[in-house]
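Each of the next two complexes has subunit A plus one more chain, namely subunit B in the first and subunit C in the second.
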Partner chain A sequence: MCSAKALLEVASVGKRFGGLAALTEVSLSVQQGEIYGLIGPHCAGKTTLVNCMTGLYSVSDGQIRLSGESIQGLKPHAIVQRGFARTFQNIRLFANMTALENVMVGCHPRSRVGVLGAVLRTASERREEREIREAAHFWLTRVGLNAKARSLAGHLPYGAQRRLEIARALATEPHLLALDEPVAGMNPSERRDMADLFLRLRHDHQLTLLLIEHDVKLVMGLCDRVAVLDYGRKIAEGSPASVQKDAAVIKAYLGGHAA
Partner chain B sequence: MIAALRERPRLSLALLAVLLAVLPFVTGVLIGQSGVRMLDFALLYVLLALGLNLVVGYAGLLDLGYIAFYALGAYFYAWLASPHFGLHLPFWMILPMGTLFAAAFGVLLGAPTLRLRGDYLAIVTLGFGEIIRIFMNNLDAPVNLTNGPQGMDLIDPIQIAGIGFSGTQEVFGLVVQATHLYYYLFLAFTLAAILFAYRLQDSRIGRAWAAIREDEVAAAATGINTRNLKLLAFAMGATFGGLAGGLFAAFQGFISPESFNLMESILILCMIVLGGMGHIPGVIVGAVLLTILPEALRYIGDLQRAMLGEVVVDAANLRMLIFGLALVLMMLYRPAGLWPSRQRRRELTAEGEVVRHEQESLVDVQR
Partner chain C sequence: MDIFAQQLVNGLVLGSIYALVALGYTMVYGILELINFAHGEVTMVGAMVALAVMGALLGVAPDLPGILVVIGGALVAIPACILLGYTIERVAYRPLRQAPRLAPLITAIGVSIILQNVAMLIWGRQYIAFPPILPQATFQIAGAQVSALQIFIVLLSGIAMAGLWFMVQRTRLGRAMRACGESREIASLMGVDVNRIISTTFIIGSALAAVAGLMVSAYYGLAHYYMGFMLGLKAFSAAVLGGIGNLGGAVLGGLLLGVIEALGAGYIGDLTGGFLGSHYQDVFAFLVLIAVLVFRPSGLLGERVAQRA
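Here is the complex of A and B:
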């Protein structure tokens, strides 16, 4: 791991909402090609951290770098353009568009035809439109939803919506994908399928995954390294096994009864 | 019969073309010149409604000051083709410049509103619409730009290949009224605008607009530059408005700030809401209906005189009453519009509601 490059570096990041410190001095680095878990009890600041990383929030202190370049202060779309995509905890699909259209929107940052091309239907526009359609079908197939391409996103079952959101994020061709509680509300067999999917994505597309999870079991089985947040601070980092034994982590999860 | 036509799209298209081609002549015989003028206005309103539909229907930005771009296009035409400044440029030079001029204002007025949504956006755009009108009303001093409330007149009619669009003209040996010529010109622009709108809708830009309308945060997180695309929507809408404004100035020969008041903005918005927001055929139907119905209701006064011997209810009042009643009934029975897109219908039907509630409750359980 030491020889690998740091893809995402978070250096003593703080985020305050008025008087409330949601994040304090959080530092972590995600290496290329790993599955990095971000866990912690409810309201520990996991989603806040992802929102800071992906440009939805501006950070109050600290530095965030992607492949060595600062992405702080960039708009969300610019961060996606640099290869960092995400999904949302409370699924945010374009519910009244079809599954295919949702993924086609994901191709937006990797296509370039403008108004004139669209109106004149130039040869390059038609080619690009065909490529977008093919790419969308490809990603739908990857997550096992191609049969549902024409269904409305809002009408898909819950698990399929989660997978569709991942397909949409993948269509932006990211190097790093942050998944905010991707298996929440799923049954054990669905969770196993999702874990398999993550491993396949990493293997086939050299994807680095940042996994935000409540489900400790999944994180422990899947992640190379794990960071634990509690009350906006990082209380532990390391291999899943070492974190599991960490006194501070046990205290955070069980509520102060640990020795 | 409609089903039969649907199966043969080429035939129905040909029928439609013939119908549109002979429409002004039929109307001219049945109703007279005023009827043909009404058709001309209907086409102008279709252009306007299509433009506003890009902003409101596609990108989901509620714009209540849309008429400002119509005004800007009209004044731009008047500045360059009337005795006011002594300029008499040909229309094919003015119209492209006028649309660019309006588009620039679209960006200018859109930029400060980017952070606003829903009601707030509506109120600010409403203010902008009024500002433009009030400017036009007062820009007769210190430098007389707009001639103030008197308006600008003697605007050059459109002239193509030596045929001026005024009075009666002989074209290919046929004697044709100017209103007929304008009808075909407006029809050509409208058909181009329809094609334009359809192609935008089916492009990556149209999809990005739809994504912004559905969920702006998710759109941004999917790599869509929401700022630029919203400005583009404003600019595109303004382009249509500016074009219609230029055509209006040439057609009327006279413009004044009174033609561009808030009621006009609301009327155009009503057209797209009535017809079916975001759905081009619906928008066209809405625009045509709302131009022609009020005119038709004008005859109610004559009808009363004929049947009751006197005018009991003033026709103008009755028009507003029926208009209001129609809107209320529509909101009750066809909230998605008379001819909505499938997508919009889903958004506004009970089924969609149920699904959304189910989703929300599911997510709540998660938390």
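Here is the complex of A and C:
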């Protein structure tokens, strides 16, 4: 599995919460530049796996490597600094800050000036502040939100909040972006717009995308490869077409476990 | 002399000092939902260190201009308080970050008692006088007598508060602080080193406390190992009055509390027919605290409690 260009490798990862095994022996590898789909029924462990990858949870077993280096035990901010950003299933913006400020927070790991510079207003502080502002406008423009730069994030409509989360994550300048149910609650035309956005982002910024989704149609149309989780185990992996025909997957989605 | 104008001025001066200390409480609360009860003692240490340094300076060079002596005191007291505030957070609060909220509250009280006792061991139980080195000029403004020191206190507090506001609203550090205030978890997932931001918050709050400690000892002309307790309690009341967690609220609360207290002290004799004297002024701070907690628990500028919970 250790192909030369694996950006993210998950090796036999397990996660237990007390007696509950949320993830068991999950292995997958995301290649540089692909759109990798992570699907599965509700509560299959998809978000748990992303939380383990981004340092929110520590894994109980196994290894997670980013660009060949172990990221286990690193704090979330250190993982972001290594180029792995994410969005959230339930939108988690800084609601009392403007859209622009939200994205500017995302620029935080790519800038340096600390308390002394801020107090003394050094020339480098002013220049960096200007650069951060420009970068934030750039990312807002990319997701089509620059006109709303001054609105409070909490006041934006739902779809705009989803886009703002993506802009904020992009501002950390990731190589790998995990999108946790980015089109949940959107109508079909909004979903198509988002899919277009993902393709453009991958093309323009050499981005690798990890797409966690319920919406099978979106995943099948967009992803290069797909892994299917069910009850915390990987039950299938491969091209969208092959996964769609997989007996275990069909069983999981049609509720075969009841039988 | 007009009592109202005079007490208003006194109240504003006292209020600016409360506001500086209250900012320290409210900044920490805004990020950690923790009430740093040791903050009043940090103020006390600032005053004590400054007075000790000033005494030493005057011992070596008695002819040094007063203003330089005070600056010398501040230049030692501010780093000392910064170090103290940083250490308190590392030792007493960070290990308890995941603990129930009562635990860091107890360690805060513990730290506060330790600091009082250490200060008592070093500087003794007696009051320490502020050396008479500051200019004594006074001015008549709108029927009130205003001293140069009072003007200086209000100006310096104003500059410190404006600087803090600018930093929080307009700089990378301030944005990260606000982001941590909204959600430490999400801020860390956007690459913000939360522990570093928390340390910085304690450092800034402690530097303000050192300045406030020096100002309050200059204003009253003395310092004492126990002075941090009452000052801290009042500044905390001011932060609650304004809405804890809200920077503008801390400033508003501090100024209001100072004015209420001064006016109360000025008129309490008349109101009670001489039964209660002006030394009951402390009553007002806590009457205000109780009234706020009963009628508007989230404070004047605070969010509704339901939003926070």
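List of remarks:
Note that the second predicted complex is superposed on the first by the 252 of 259 C-alpha atoms of A that agree within 3 Å, B and C clash if a C-alpha of one lies under 4 Å from a C-alpha of the other, contacts with A are read in each partner's own complex, and residues count from 1 in each chain.
Basically, a contact is a pair of C-beta atoms (placed from the backbone, for glycine too) under 8 Å apart; a residue touches a chain by one contact, two chains touch by 3 or more.
Being a predicted model, the structure only gives us computed values, none of them experimental.
Once both complexes are superposed on subunit A, the partners subunit B and subunit C clash. A count of residues in subunit A touched by subunit B and by subunit C gives the higher number to B. In the superposed pair of complexes, A:R168 makes contact with subunit B and with subunit C alike.
In the superposed model, A:G106 lies in contact with both subunit B and subunit C. In the superposition on chain A, A:L152 makes contact with subunit B only, not with subunit C. By the touch criterion defined above, A:Q81 reaches both subunit B and subunit C.
Of the two partner chains, subunit B and subunit C are each touched by A:R92. Legend: residue contacts after superposition of the two complexes on their common chain; A:V216 is shown touching neither subunit B nor subunit C. Note: residues 54, 56, 75-77, 80-81, 85-86, 88, 92, 94-97, 101, 104-111, 113-115, 118-119, 125, 128-129, 132, 168-169, 172 of subunit A belong to the subunit B contact set and to the subunit C contact set alike, using the contact criterion stated above. Remark: subunit A residues 54, 56, 75-77, 80-81, 85-86, 88, 92, 94-97, 101, 104-111, 113-115, 118-119, 125, 128-129, 132, 168-169, 172 touch subunit C in the complex.
On the subunit A side of its complex with subunit B, the touching residues are 54-56, 75-78, 80-81, 85-86, 88-97, 101, 104-111, 113-115, 117-119, 121, 125, 128-129, 132, 152, 154-155, 158, 168-169, 172, 181, 184-185. Considering their complex, residues 195-196, 199-200, 203-208, 210-211, 214-215, 217-227, 232, 236, 343, 346-347, 352, 355-356, 359, 362-363, 365-367 of subunit B touch subunit A. Only residues 163, 167, 170-176, 178-179, 182-183, 185-194, 200, 203-204 of subunit C touch subunit A when the two sit together in their complex.
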